[in-house]
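The two complexes that follow have chain A in common; it is paired with chain B in the first and with chain C in the second.
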Partner chain A sequence: MRVVLALALLANPALAGVPEAVRDHILPATAQFSDASGALAEAALNDCTANALQDDFHATYDAWMGLAHLRFGPVEEDGRVLAISFWPDTRGMVPRTVAGLIADEDLAVEDPASFAEVSIAGRGLSALERLLFEPQLSGYIKESYSCKFAQALSVDLAAMAQAIDKEWRTDFAQVVTSAGAEGNATFLTESEAAQALYTSLTTGIEFNADQRIGRPLGTFDRPRPTRAEAHRSGRSLRNVILSLEALNSFAHALADGPTPQTDAAFQAALGAARELDDPVFAGVEDPQARLKAEILQQRIKAILPAVSNEVGVPLGVSAGFNATDGD
Partner chain B sequence: MKHSLTAACALLALSTPVYAGKAEVLNTYADIAQAGYEDSLISARRLSDAIYALLADPSAEALTKARQAWIASRVPYQQTEVFRFGNAIVDDWEGKVNAWPLDEGLIDYVGDGAGPTDENPYAALNVIAQPKFVLSGQEVDASTITPEFLETTLHEADQVEANVATGYHAVEFLLWGQDLNGTDHGAGDRPWTDYAAGELCTNGNCDRRAEYLRAATDLLISDLEWMAAQWAESGEARSTVLADEDAGIVAILTGMGSLSYGEQAGERMKLGVMLNDPEEEHDCFSDNTHNSHFYDGLGIRNVYTGHYTRIDGSTVTGESLSDLVAEVDPTVDAGLRTQLDATMARLSAIKSTAEAGTSYDQMLARGNAAGEALIMGAVDALVDQTRGIERVVTALGLDGVGIEGSDSLDEPEAVFQ
Partner chain C sequence: MIPRRAFLGSLLAAASAPRLSWADAGDPAWLGAARDSSGAYLLIGLAQDGAERFRIPLPTRGHAAAAHPTAPEAVAFARRPGAFALVIDCVSGAVTHRLQSPQGRHFYGHGAFIAGGDILCTTENEIESGAGRIGLWSRKRGYERIGEIASHGIGPHEILSTPDDVLIVANGGIRTHPDHGRDKLNVPEMRPSLAYVAPDGTLLEEVVLEEDLHLNSIRHLARAADGTVAFAMQWQGDVSDPVPLLGLHKRGAAPRLLSADLAEQMAMQGYAGSVAFSRTGADVAITSPRGGRVHRFNVGSDAVQSLTRADVCGLAPAARGLVATDGLGGVIRLSTSVEPLASFSGLSWDNHLVAL
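Then we have the complex of A and B:
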């Protein structure tokens, strides 16, 4: 049996690992995000105040880190990836949009369908974080506009998460694992699906190094601590750790064989992250603490060649164009 | 066998001179660039004349004339945007003249709610109201606003790209002011008295505002003079394009693809729909976005078809990239031509709708399904034509064409399949 399986894999080198990645990494992650955001929505309808929602906000954000890198298919559909997390927000759109909705007491919060039409800068985890953690906004009471806003944000997040989970389960898992089959208009060859998964793996690793750590690092002369992701809720480093853990499991599932180099590289980066006693990268302005963040960034970048050797080469794919190419 | 194959190839080469015209194609491309930047310069000089007239004798009529001159100046300039990606000399320079989007609160007064952001501590600096301020820990003397001050100190201050102090959009803001109508009809409505002397002056610091506008206009002219010279005979931009034929063709296609895809379809159009934000209009102060998009699209078609209509009505034409592709694979050429025409039809629909009174910011309004369909129709056409550009790259056997993407586009990798 084992021999037969191995032969089948040899015959289909480009497909190897794709079904495993869907089964062991992607579907559990979409289910977890759906569950966590469902609990958030339920909690918000019960008690909308900031203190009451912060734990469920964190649980939802934690779950999002399990799939945020899957930037294709259901996660990309309808611009969901930006509607769930609008970061980096280089033009301050989130604070402006959130303040605008509150100032106008915009009626979109009354109805989920209307709220789904709201600017992506006024939706998702980024807007909810403002509402729950920005001191000027978070003091709202039940019966206030902000209370309804928090409920609308939570319900909207749960709806997007459910849709992602459902679309993956009922349709897209099949699309990915039947790549190259007749009638599959999304992935014309087997290797296209492998390439899409592999690109999201490497792009996810790069995103941690270049954006989550690179943005607050800025330059030595001009560090940018306020550019750290989710610093208001104190999650900047936590997001890096959770994302790396998810990406490690993804790499594992997608790989054809054992991945000792990859696992060691992920563990080195995770070790550096856990030792970094700086939850929001506030230390980038201090030369000593900054050095540790730079080392973490280098460790994350060092994962890429290992992943290329142990995951990409056996799959016969290299990273394709991705959404973060360009400006 | 080998001999006869060679003979057959030689015969084929005689009957269809594949790749025969690359040098001519590149010459046409450089000629269109030269004419486009010269036209931009000519129309910017007219803009400058109108602005100097406004500042010499401020009136509502003089402000209107300056605004009209600004809108006219955008017609040739937007058609040159296709030269930006792919020509490093243009891309390195472009930020000075057409940087967007901007945190305009850096320059002058803005409405309520503006302030420092996580990204930009100087988003509401208002240099017109502040002859002295602290920038990145350094005391800055802005008591005289000169082109040099704008270029070297204020532009991209604190290394933030949204700190746009120069170029078309800075001038646009100074002529129109913020568009405070949200996604309702109406552009910025700066009163002419923002430039009036003495007691008539509104919103304070009219003399400094005038000084800023004059400096920004002078700088725009000198920047355009420089770029027009780079495309003239023996100019650096022209020489670079002509130096290596394959690299030159790659530059043309990179420019067409990156402007179509990541820049216009993604950053300038789709992201605006997703944000429903009128500030996401490319020409947001003047509500001229429909033209901005239209002439960007036209510029892409110009360089492919080797045809540019100048602002005086004369034309620049020559052997085109289209001709070259048609020799190699007529189907690929016809496909891309059809796609470029389809994009122009979509962009025309946006333009005619805006000219009929439904402006681009209204199309962006939340829940405006018809407006969204208009914009997304053009986005889809631009994405389609990117596929056609990719096919040209393949047909010509070129590599090294890297097309810029955008966070807002779904499955960008699908474009390149």
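Then we have the complex of A and C:
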């Protein structure tokens, strides 16, 4: 079976890089997220207080940045992407849902199955961030409702992460690498899997520029620093850096050959990010600091043509025909 | 306003039956525009089983086609702001007529036949004022322009006709000007509507959504046999806003908006590309190529099922259920899961699939 698969891969340039991306990028990332969130859940059951959980929260969020861009298959199953991180929250649903659960002392926190039915705006890293980092909420003590809430959030995150890892390992890796085979109803042709991976790569790059940086930038007349992702826990810029690092390794694995332009473009963006002494993009209101954030945004956008040349073209795939040009 | 004599004259002329029928074009079930791997554009006829019945080259990227109700003839519209539409004989593949939008007008990409297929109605922009117009063309006179009426809104996009020749128009509300390509010039003030218009231009009924949804551009339409109209919307606010993208309307009643759960609604990215009812009218669905999803609602219970498929957009009724097309060349039957009917390697299906 393995020999047959390997031969099929040699014969077909459309699949080149797909098995490597699964093996070298995706499966390590799902394992890392599962481990980190498992440690978070264990820590929460041991000591639920905010101070005790903040390090494990960061480790879990760091790990999520390794796979948050894989918005297809197990990561998007059951609305998991938003249940893990509800952002952007354009309607202020996370604060409202978290406050509502606490005010009602909602019993859903007592049981993982019930908690999985809670609104996605009251689950995952976004809700947990509020409990752990919002001064008005984070002072809770053991045995309080918020303590049980933090435990439920952590256990729920670990359950989702485990499910993602398990589904990728036992099923979806095979679905991706057998694209176009008889009976594969997810990927009808060999190039469809490459297309799905490539789309998640380019969408992930755009998400950093347009959302993670674009939202706090707002407009020159109306910058929106409080719209930065995860600013309460001080990790807005850290998310950009970790995401770019993950996407660079993803591009590497998915590419059919060497990727010097792509690597240089990622390094230029990462260099701009690391030099930006503004962890939550608070400086977007100051013309000088704002310019630096805009430069970072441009550097990230400049990765896309390189990725198209070195990853997309050799794979024979490009951005979605309808998705990018609707009417 | 159609000159009365022309209108009656074309009605009478329709009595002389056309010689050829869709059977002569291989009885396709659907028409779809597509791009092939060489970058060429095509109009393709598909049978119920997904097999290709014909393939006709198009000179430029198509958007939608209006199929004649009886004759094997399709009008293919260029993407907006297009100045021309082509009448294609689907038996021979020949372009039999070329419709040029009049001075100061351009097409918006959709059209519909009335008067038993004798008059073609096209959504248009009166460029100077931005007012939506419906152009009227007589098929019997070789698709001569015979008049135009108001669409009663800005940016009319899809248009449908009922068996008793009422025009149903999706006035998207967005003003565009050819000098600015596809730029949206009036988003803060936009006021989309669903308009029911008589062929003489009378506004019979108008549906406008609540003020907090005025950024929801009503663009695509479907109609069930019982007269229920489904309208699909494209949100011009934040793509992450969980707003409804599908509405149902019956004449004389208030519209009813349908949504999936929060995660699914946000996954649509504020964009519905096509809408269709199943033949029975029991199900209605919308596609989002940006979210890679189809949301299918049961009209009676509002129960919704989400099906994932990358770059899915074209959508039409099938003999049983619904069929969708996508940018990866797939022709997909939508049942409890996605069932591939056919896969056209190298082909990208464009925005719409038209049922015959």
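Keep this in mind: the second predicted complex is superposed on the first by the 310 of 327 C-alpha atoms of A that agree within 3 Å, B and C clash if a C-alpha of one lies under 4 Å from a C-alpha of the other, contacts with A are read in each partner's own complex, and residues count from 1 in each chain.
Here is the rule we use: a residue touches a chain if its C-beta (ideal position, glycine included) is under 8 Å from a C-beta of that chain, and two chains touch if they have at least 3 such contacts.
Please read all numbers here as calculations on a predicted model, not as lab measurements.
When both complexes are superposed on chain A, chain B and chain C end up clashing with one another. By the touch criterion defined above, A:118 lies against chain B but remains apart from chain C after alignment on the C-alpha atoms of chain A. By the touch criterion defined above, A:227 lies against chain B but remains apart from chain C after alignment on the C-alpha atoms of chain A.
With both structures placed on the common chain, the touch criterion links A:291 to neither chain B nor chain C. In the superposition on chain A, A:185 makes contact with chain C only, while chain B stays out of contact range.
Touch criterion not met for A:107: it reaches neither chain B nor chain C. Number of chain A residues touched is higher for B, counting chain B against chain C. Of the two partner chains placed around the shared chain by superposition, chain B is the only one that A:99 touches, whereas chain C remains out of contact.
Within the superposed three-chain model, A:313 lies out of touch with both chain B and chain C [touch as defined at top]. Of the two partner chains placed by superposition, chain B and chain C are both touched by A:72.
Among the options 55-63, 73-81 or 217-225, the segment of chain B that ends up inside chain C in the superposed model is 73-81. For the contact definition in use here, the residues of chain A common to its chain B contact set and its chain C contact set are 72, 76, 79, 82-83, 88-91, 93, 119-121, 188, 192, 195-196, 199, 320-323, 326-327. Residues 101, 103, 113, 117-120, 123, 136, 158-159, 161-162, 258, 262-263, 266-267, 274-277, 279, 366-367, 402-417 of chain B are the ones that touch chain A when the two sit in their complex. Across the complex, chain A meets chain B through its residues 72-73, 76-77, 79, 82-83, 88-93, 95-97, 99-100, 103, 108, 114, 117-121, 186, 188, 192, 195-196, 199, 218-219, 222, 226-227, 231, 320-327.
Every residue of chain C that touches chain A in the complex is listed here, in rising order: 35, 63, 79-80, 109, 157, 219, 234, 238, 240-242, 261-264, 266-267, 271, 273, 289-290, 292, 308, 310-313, 326-330, 337-340, 343, 345, 348-351. On chain A, the positions that touch chain C within their shared complex are 72, 76, 78-79, 81-83, 88-91, 93, 119-121, 185, 188-189, 191-192, 195-196, 199, 320-323, 326-327.
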